[in-house]
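Each structure below is given as structure tokens.
Paired with chain B in one complex and with chain C in the other, chain A is shared by the two complexes that follow.
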Partner chain A sequence: MEWDWNFVWQIMPTLIDGLKITILATVFGAALAAVIGLIFAILRMTAPKPIAKATGFVVEFIRGTPLLVQLYFIFYVLPDIGIRLPALLAGVIGLGLHYGTYAAEVYRAGIENVPRGQWEAAKATNLTGQQTWIHVILPQAIPPMIPALANYLIAMFKETPLLSAITVLELMNQAKSVANSSYRYIEPMTLVGVFFLVMSLISVVFLRWLEERYARVEER
Partner chain B sequence: MSIRTILSMAAGASALMAVITSTPAFADDARLEELKAQGFARVAIANEPPFTAVAADGKVSGAAPDVAREVFKRLGVADIVASISEYGAMIPGLQAGRHDVITAGLFMKPERCAAVAYSEPVLCDAEAFALKKGNPLKLKSYKDIADNPDARIGAPGGGTEEKLALEAGVPRDRVIVVPDGQSGLKMLQDGRIDAYSLPVLSINDLVAKANDPEIEVVAPVEGAPVYCDGAAFRKGDEALRDAFDVELAKLKESGEFAKIIEPYGFSAKAAMSTSRDKLCAAK
Partner chain C sequence: MTDWSGYIGLILQGALVTLQLTVMGSALAVVMAFLAGLGRVSRFMAVRALATTYIEFFRGTSIFVQLFWVYFVLPFAGVTLSPLQAGVLALGLNVGAYGAEVVRGAVKAIGREQREACIALNLTRGQAMRHVILPQALPLMLPTFGNNAIELLKGTAVVSLISLTDMTFQAQVVRAQTGNTLIPFAVILVLYFLMALAISHGMRWLERRVTRGLDGVRT
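The block that comes next holds the complex of A and B.
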């Protein structure tokens, strides 16, 4: 079977439609993961012991089960108790929840890595709680988190084809339906790979820039 | 077909050989010898009773593989080994050499006839919808779904129903690709789709198993003709296909064909009253 450029141009618009959904799912999934991760991290570190313990259990539970199973659960099981989410929303929630638990651990490690002396010094200089977080703790905690969070973002982006299992018409699903109607896999699957690679490389460059920028702020 | 049958009966084996060898792919007779030597043919199936079914213990049944098993036995190939595949992946899988033949209720349509070498017709069926009781959106044809901007249809990926829906003008985002029968039913019950489309016998089988009074069936779908499948061989394996056709014709003649497929609900008469040439030419 030979590579057919005409076919490539013909299927490009369909695949780009899919790519848009993939990017949409990644962006919203990442935003949700960032928020959920922060909530989990704060609960685990500052809430009363029983709540902190329960949060820890939930985090471990979600981390210890496959994303695909969670997606099936959200998509096929939740309607049984009256929660019927549209496919894309179900996918975003699945991604956000799953990667939120990973983000939570990154946040926790970042905050715990700020030396105890910094907290004590902030207290000694009579800073309020808010001032302590904003001016002392977070500026030191966030830069080391960026590489780890960035890795999870790219990992999540590459996991979005799983959403095709719950009927989301993202890049992979569009490519499959193109292959279904043309009996050709070589062009659609190659293009999916290329799209993912290009997007990953762009994200890597952007995140590296972000990392350096924050590191520089730190030095000043 | 009748000419070939008469020939084979009148002139016996020599005339038969003439029919087989008159096809261009003469050298490929070797394929049958290969299959005989290895003792089995690899077939692609779905899991969509009564066309194809896989029991919990892994036993493959269903009308399409049962016919193929019998024909191959008569050709001297002891058994078939089946692998489950999505409809859309069957033809690429065949071309990639992952299986020797598709026996899955993959209905003949001109574009499929151009991609594979079909046997003569085996299983015929019309199309159906499963939908919510009372048919709230009044869906009776693929066109009805295209015309109603709220209606979503579920169908197997790469299956005939998906193609029919798209051809009728239903936009891509309202044709939901459903991985298997159970998910289709669940998505219908949950209101994620408004109609789930499969051939009549498949829908009846599924709905009977589901035993849900909230689901009803529209069969046949208006404006969709009766389609027939055939065993689908790789292009280039025409010699194997022709050998298959000869035994299939004998099976039909002797009445054993009807004995195999009619318990599943298929009509032998429907398959015998049409031909590959007619079905492949049909629009």
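The block that comes next holds the complex of A and C.
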């Protein structure tokens, strides 16, 4: 089978439509993950011990099971108890929940890596709890988190094709339907690969820049 | 009342396929990780370039896309693989690329003085790597390898989409036949979690094993 450029141009608009959904799912999934991660991290660090332990278990459980199965769970099991979600929303919730657990670990590590001396110094200078967090702890904890979070953002972007399994019409699903109706797999599948490669190469450059920029802040 | 014993058998069969995929995929991943990871610190430009290309390509595209590419596009190039072969190949190559960066990082993390000592003792590069660098680098790699193995386990669920009868696929079959969604998916979630736990415990045991005799050497 030969590579056919005409076919490539013909399917391009469909693939771009899919790409839009992919990006939409990534952006909303990431926003949700950032919030859910914060909730998990706070629960795990400040809640009473039984709740903290339970949260730890939930985080471990979500991290130890495949995203695909979680998506099936959200999309197929929840309707049984009356929660019927549109496919894209189910996908975003799945992504947010799964990567929220990763974000939680990043937050936790970031905060725990602030030296004890900083807490003690804040106490010694009679800062209130709020002042300690806003002026002392968070400004030191957040910069090292940024590259790690960006890393997971890229990972999540690459996992969005899984949403095609729950009928979301994202890039992969569009490519599959084009391939199935035309019996040509080479062009759509290769183009999907190229799209992902280009986007993640760009994001790797961005990530290196972030790492350099925030590593510098840390050194001061 | 549905007869569950048959369906449990089905899911256990799937679990076996998942295990098989994880073990074979991990084996390929370890081989690729060391080949590419050591390739990246090679003396030869061509080897370095080849290893970098492999790593960037497989880390840059989605496992999903790679799997579909291996399964649907390679046949047009005359290479037809069974779903199991395609799954092992895609998972192994994908996770191997992540592992390669771990190998490189760990090898680079071994201090200069160790390399200088090797030169002073007139060891060849191969001897230095085998007897001095790698034994010290291995404990640094293991925790991340453990995480990668769990990622691979989770990745195996994706192969159900190329019609391989793994645990996720069988759960879908059970769902289609019984109309019950909660039980099959809850069961496989628990099974996946148990496998992930087994991997992390196994890695911790291995870690204790390879650090034996290294106390006081590592800082």
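Assume the second predicted complex is superposed on the first by the 206 of 220 C-alpha atoms of A that agree within 3 Å, B and C clash if a C-alpha of one lies under 4 Å from a C-alpha of the other, contacts with A are read in each partner's own complex, and residues count from 1 in each chain.
Criterion: a contact is a pair of C-beta atoms (placed from the backbone, for glycine too) under 8 Å apart; a residue touches a chain by one contact, two chains touch by 3 or more.
Remember, it's a predicted structure, so these values are computed and weren't measured experimentally.
Contacts of A:123 after superposition: neither chain B nor chain C is touched.
Touch criterion not met for A:135: it reaches neither chain B nor chain C. By the touch criterion stated above, A:213 is placed in contact with neither chain B nor chain C.
Shared-chain residue A:53: touches no atom of chain B or chain C. Contacts of A:165 after superposition on the shared chain: both chain B and chain C are touched. Chain A has more of its residues touched by C than by the other of chain B and chain C. By the touch criterion defined above, A:177 lies against chain B but remains apart from chain C after alignment on the C-alpha atoms of chain A.
When the two structures are aligned on the shared chain, A:185 is found in touch with chain B and with chain C. In the superposed pair of complexes, A:84 makes contact with chain B only, with no contact to chain C. Touch criterion met: A:204 reaches chain C, while chain B stays clear of it. According to the touch criterion, the shared surface of chain A, contacted by chain B in one complex and chain C in the other, consists of residues 1, 76, 79, 165, 176, 179, 185. Touching chain C in their complex are the following residues of chain A: 1, 60-61, 63-70, 72-73, 76-77, 79-80, 158-162, 165, 172, 176, 179, 185-186, 189-190, 192-193, 196-197, 200-201, 204. Residues of chain B that touch chain A in their complex: 86-89, 91-92, 95, 115, 157-158, 162-163, 166, 172-173, 176-179, 183, 186-187, 190-192.
Residues of chain A touching chain B in their complex: 1, 14, 76, 79, 84, 87, 165, 167, 169, 173, 176-177, 179-181, 183-185. Chain C contributes residues 56-57, 59-66, 68-69, 72-73, 76, 150, 153-158, 160-161, 168, 171-172, 175, 181-182, 185-186, 188-189, 192-193, 196-197 to its touches with chain A in the complex.
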